[in-house]
Amino acid sequence: MRPSARNRDELREVKFTRNYVKHPEGSVLVEFGETKVICNASVVPGVPRFLKGQGKGWVTAEYGMLPRSTTERMMRDAVTGRPASRSQEIQRLIGRSLRSCVELEALGENTITIDCDVLQADGGTRTASITGACIALVEAFNWMQKRRMIKKNPLKYLIAAISVGIYQNEAVLDLDYAEDANAETDMNVVMNANGEFIEVQGTAEGKPFKGTDLSNMLALAQKGIQELIIRQKRLLDL
Amino acid sequence: MRPSARNRDELREVKFTRNYVKHPEGSVLVEFGETKVICNASVVPGVPRFLKGQGKGWVTAEYGMLPRSTTERMMRDAVTGRPASRSQEIQRLIGRSLRSCVELEALGENTITIDCDVLQADGGTRTASITGACIALVEAFNWMQKRRMIKKNPLKYLIAAISVGIYQNEAVLDLDYAEDANAETDMNVVMNANGEFIEVQGTAEGKPFKGTDLSNMLALAQKGIQELIIRQKRLLDL
Amino acid sequence: MRPSARNRDELREVKFTRNYVKHPEGSVLVEFGETKVICNASVVPGVPRFLKGQGKGWVTAEYGMLPRSTTERMMRDAVTGRPASRSQEIQRLIGRSLRSCVELEALGENTITIDCDVLQADGGTRTASITGACIALVEAFNWMQKRRMIKKNPLKYLIAAISVGIYQNEAVLDLDYAEDANAETDMNVVMNANGEFIEVQGTAEGKPFKGTDLSNMLALAQKGIQELIIRQKRLLDL
Amino acid sequence: MRPSARNRDELREVKFTRNYVKHPEGSVLVEFGETKVICNASVVPGVPRFLKGQGKGWVTAEYGMLPRSTTERMMRDAVTGRPASRSQEIQRLIGRSLRSCVELEALGENTITIDCDVLQADGGTRTASITGACIALVEAFNWMQKRRMIKKNPLKYLIAAISVGIYQNEAVLDLDYAEDANAETDMNVVMNANGEFIEVQGTAEGKPFKGTDLSNMLALAQKGIQELIIRQKRLLDL
Amino acid sequence: MRPSARNRDELREVKFTRNYVKHPEGSVLVEFGETKVICNASVVPGVPRFLKGQGKGWVTAEYGMLPRSTTERMMRDAVTGRPASRSQEIQRLIGRSLRSCVELEALGENTITIDCDVLQADGGTRTASITGACIALVEAFNWMQKRRMIKKNPLKYLIAAISVGIYQNEAVLDLDYAEDANAETDMNVVMNANGEFIEVQGTAEGKPFKGTDLSNMLALAQKGIQELIIRQKRLLDL
Amino acid sequence: MRPSARNRDELREVKFTRNYVKHPEGSVLVEFGETKVICNASVVPGVPRFLKGQGKGWVTAEYGMLPRSTTERMMRDAVTGRPASRSQEIQRLIGRSLRSCVELEALGENTITIDCDVLQADGGTRTASITGACIALVEAFNWMQKRRMIKKNPLKYLIAAISVGIYQNEAVLDLDYAEDANAETDMNVVMNANGEFIEVQGTAEGKPFKGTDLSNMLALAQKGIQELIIRQKRLLDL
């Protein structure tokens, strides 16, 4: 029995709110149950130095948490003077995943930065971020096409992400904080609309996991991500 | 004629959403028109070193902006490695104002930190922050009283804040971004429920202002703050 | 009775020493009683990036305190690794005030930085800084005119600043440290030679202040600033 | 055909040099072909604050690269003023993996820090680090047992790590830099002596990977890690 | 012929102004010609952690330059976010030299920090700093003895410092900036009242120096330091 | 009797291992007894801003210690967020010494950075660094000449460095850690192949030293450096 009484292969309620903030070129509030993340896309002409003059664009991400998005208040990076290493790891994952679904040549020498800011955390903030960021990215592409900044849509395919884990010896889908804090294994999976893997990150928190655990978790992840991508397509009329 | 077609002494639409985030001991989303700020109160036992052993509590504030709360994306403090000096100035103002309305002795050796995070900026983020933070603070006091952490309510009076300015040679109330960017003078006023001043900060942006300008602006501020405090009282059943 | 036995509307002894340091393009030691601040103006060709190509100049200020300018030794910013937030707030005030009295177009694409460094603090360091910085700025303009770097003097008018406050329920002018530490309200006022306001910053330290307190303080400030500007004019032969 | 002419399932030459540095409580130079990493274990009494008083120990890791361990010289963290985010991600992985093989209760309130410093990089520095760090950790346990700082050996099992990837559409084991720079997928796997998984981190660099790719890579990783653990056991007489 | 027309073995005019700042426990403005340095001594009970419980005191120094103490304005450490490495090297030298003349046991568990801040630089700021800091230190000892914080004077002997160099193939004493910028060798020497060496730091700026150059420079330094110590003794009535 | 049973004028065993790391343009492991330092030279086209357009090159050095190169583990600069001031002082010394032996005009607008990283410290790391860095620098010159990046060899002469000190009232050569920790005076000397001085840095650690001590130490240093330069020449076939 899961704390939330969900089935082993059941997602939390998923909600996307578009145009959540008015300034960005793409803006989505994504909710996986009680986890709420704002994903804002900013389009800026130009690319980082290492890409200059190659006619290609760049996509990157930054991730942050409001100090009281968590049960206990966390110090701001502005106070510690350095970005939290967990945040850096997550934003590297988000950026890498998003770049995998973009034809950078079609973007021209423009940079899109996706800011993922967690308003409220209840497990799965990084998978919610990737799933919402993909929508904000598509919105930014649409914005650029309307202004004729780009000729063709640079999107190769949609991507989404979900967490899976071993909780009380069973594989479960989309862990909330109550499960995550007690899971033996925690795995984040990013896949594309073709059912291919973009990223697999599994960590034995409590005890090592076996090959069969891994297979079970991957099967759940595949199912969950398919559902998320259906939701994304419906929202974006794709 | 104001860009928003408001009267000179007319506030933007003001909205408070309580329990906006579930973890904090007090949480309010405050909206002054298109300006949206989350105010989260965190109660932590203990006080800063300079207060230890005096039986008094402490109230402080931190202020931040989401990178894309503004028209152009701003760099995160985590990237620059230091807090923006404007943010520091604003959080010092918020903290100072909040402390003025608290009997620190009644708080015991506890610290309340109010995080004001701007989701969307359209002028007046600091005055919205103070007005919303006061509500989150009262909610935190209520939370503490329910848990018997404190015997009496430490609140001396409610406070609220509003901006006034000289726009096209006339004093106006509650400037939005379109006005603020072109105002000759910009003034932020913090007052309490008794109609007394907590803080007055006026700056000649374009040209110096006269004594009569100052009087006109102060009169508008007084009117606006009275309206805000009525709204606060209704919300809090005070 | 004031600790210094001064009348309520009496300034401390004011002293300006020109050419205090030999390298800067303008250099003044300003003393408000026991408060001593060095104001050094540096002229550098070029402007910050946001101003390039507009044919306008820039004026900015930095403020610092020697570690033992205060009763208790303060840590250096070089040790803490970040500028003190109080210093940043003060240098933003000084820079803003100075820019208000300069025709930036007449300055050409040059930057003047005024460094205000406190040798000895006894209350009122920010108002002494502004008052002295204005003189160093005029000296820098003279230096530039002699070298034909500029055609006309960019000065619009002189400015000066003074603190006022409510001490033992009465408005007083130019608070020294003994008063400042016990004042109920502390207000800093910057005005120009035409008797107009540049900046008004009032803070209720102990208890809120009323509209009449505000009027009394402003009247004292006006009187004090007039005296300071007479002193500046005599010194500069204006 | 691999650039190194190795078989698809063939490790590079692996070498361990014990007592490489004389001061640490455990010190190993590990070489995976041309990749060379120093792993130094430091034993210090006491634990981080969040563990105090629980009777448990702590194991952590830090990872760094000499500036010219790479083809192009990298800037030192001391110059940039912040740790490289890639280094932080790697040291979090190393620390997490090492903690999984330690009974922290048996360690007493002591902390072991493993420093992994790359002398020369040629692909696979993080897997070489984990494999070498495990040996340095065992040496530190032996050192503690000799001094009777601990009663029983806290080691649960040995662990080792290897990289696998898809190179020219085929799964290959233990990628060197020439392969790594051109691989379509890169995966790092940490396993224990019982053939269980500790960590799986797979990233589609070029194009997404399928479920069968994943299975092939995991099979290679399992084979490679078994060989590494045999080498570790021989070295440590286990 | 020296730029200043001094003899090869002639010091610049030396001036000490006591009680230059009113707050410190010892305060001296030292002038070596146009070089002006404030030396302020601060006495604080307690010692750094590595000395706790040993019954000994500590003496340390910090060195800074006002941004416009030099011909061209320098950036503040607060802006760069880190102390200038030259400043750190100098303050380590000052601190080490001062500790050599103090019986730390006689100081009790107290720390004296000497802040040396350069108002105006014209060559020799580090030697002026050491020479002035020694006086501020003695003043602090006197202050402590008056308050019976210490029983005996911890001073072992006075120290002073001077620069020497090879300028146009000849050894010269006490280089000013015009000489220093063109010297082939620059050497700073610290000696005590007994004519013994505390520190010798010689650097070939232009071309290497011979043993005879070294002897000539040391002889000049010895002469200059004797004169400085006579000046110190007269000032302090020793 | 010295702890190592060496004669007063006897160097520790000196060893140079060339091509220690494969990537740099010059790479040497230098060993002075148990002290081991990697010296890696990196050639990069271009020069720092202050040298641009002058047709001259630049030589600079960086110095670091592995966290456990010392008896007790040291924190990384990446953790403290700032370079250790001792390291900065040493790298300034190394860079200055190396520049003295290079004709910067002959180097063209190229920069050579020598990284000196201490694997194991047992006294004399800075003198070993200079002595090894000189070899790595020559190797980098050879590498540039082979690629016709420079026409003539920019080396003016070889340099080497050694420490001397007063240990138990006698001058001794090349102090190891056991001596260094107890020496009364510690002096580092850098000389060139012509027997001229580049740098002399002597510090009275315990008690002041006399002129005769200084002469004795310098004589030992001269002897030791001559032996080192013979070793360098043999190694480099010069």
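The chains carry the letters A, B, C, D, E and F, assigned in the order they are written, with residues numbered from 1 in each.
Keep this in mind: contacts are C-beta pairs under 8 Å (C-beta built on N, C-alpha and C of every residue); 3 or more make two chains touch, one makes a residue touch a chain.
Just so you know, these numbers come straight off a predicted model, no measurement behind them.
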{"item": "Reference interface D-F: repeating pair among E-F, C-E or B-C with over half of contacts shared", "value": "C-E"}
{"item": "CA centroid of chain A to CA centroid of chain D, Å", "value": "28"}
{"item": "Distance from the mean Cα position of chain D to that of chain C, given in whole angstrom", "value": "59"}
{"item": "Mean-CA-position distance for chain E and chain B (Å)", "value": "50"}
{"item": "Chain A and chain B, separation of their C-alpha mean positions in angstrom", "value": "33"}
{"item": "Per-residue multi-chain contacts in chain C, two or more chains", "value": "81-83"}
{"item": "Ring topology as an ordered chain list, initiated at chain A and continued via chain B", "value": "A, B, C, E, F, D"}
{"item": "Residues of chain A that touch chain B when the two form their complex", "value": "21-24, 27, 34, 38, 40, 42, 44, 62, 64, 66-71, 73, 76-79, 81-84, 87, 113, 115, 117, 119-120"}
{"item": "Footprint of chain C on chain B - complex, ascending", "value": "82-83, 85-86, 88-89, 92, 96, 100, 187, 191-192, 194, 196-204, 208-211, 213-214, 218"}
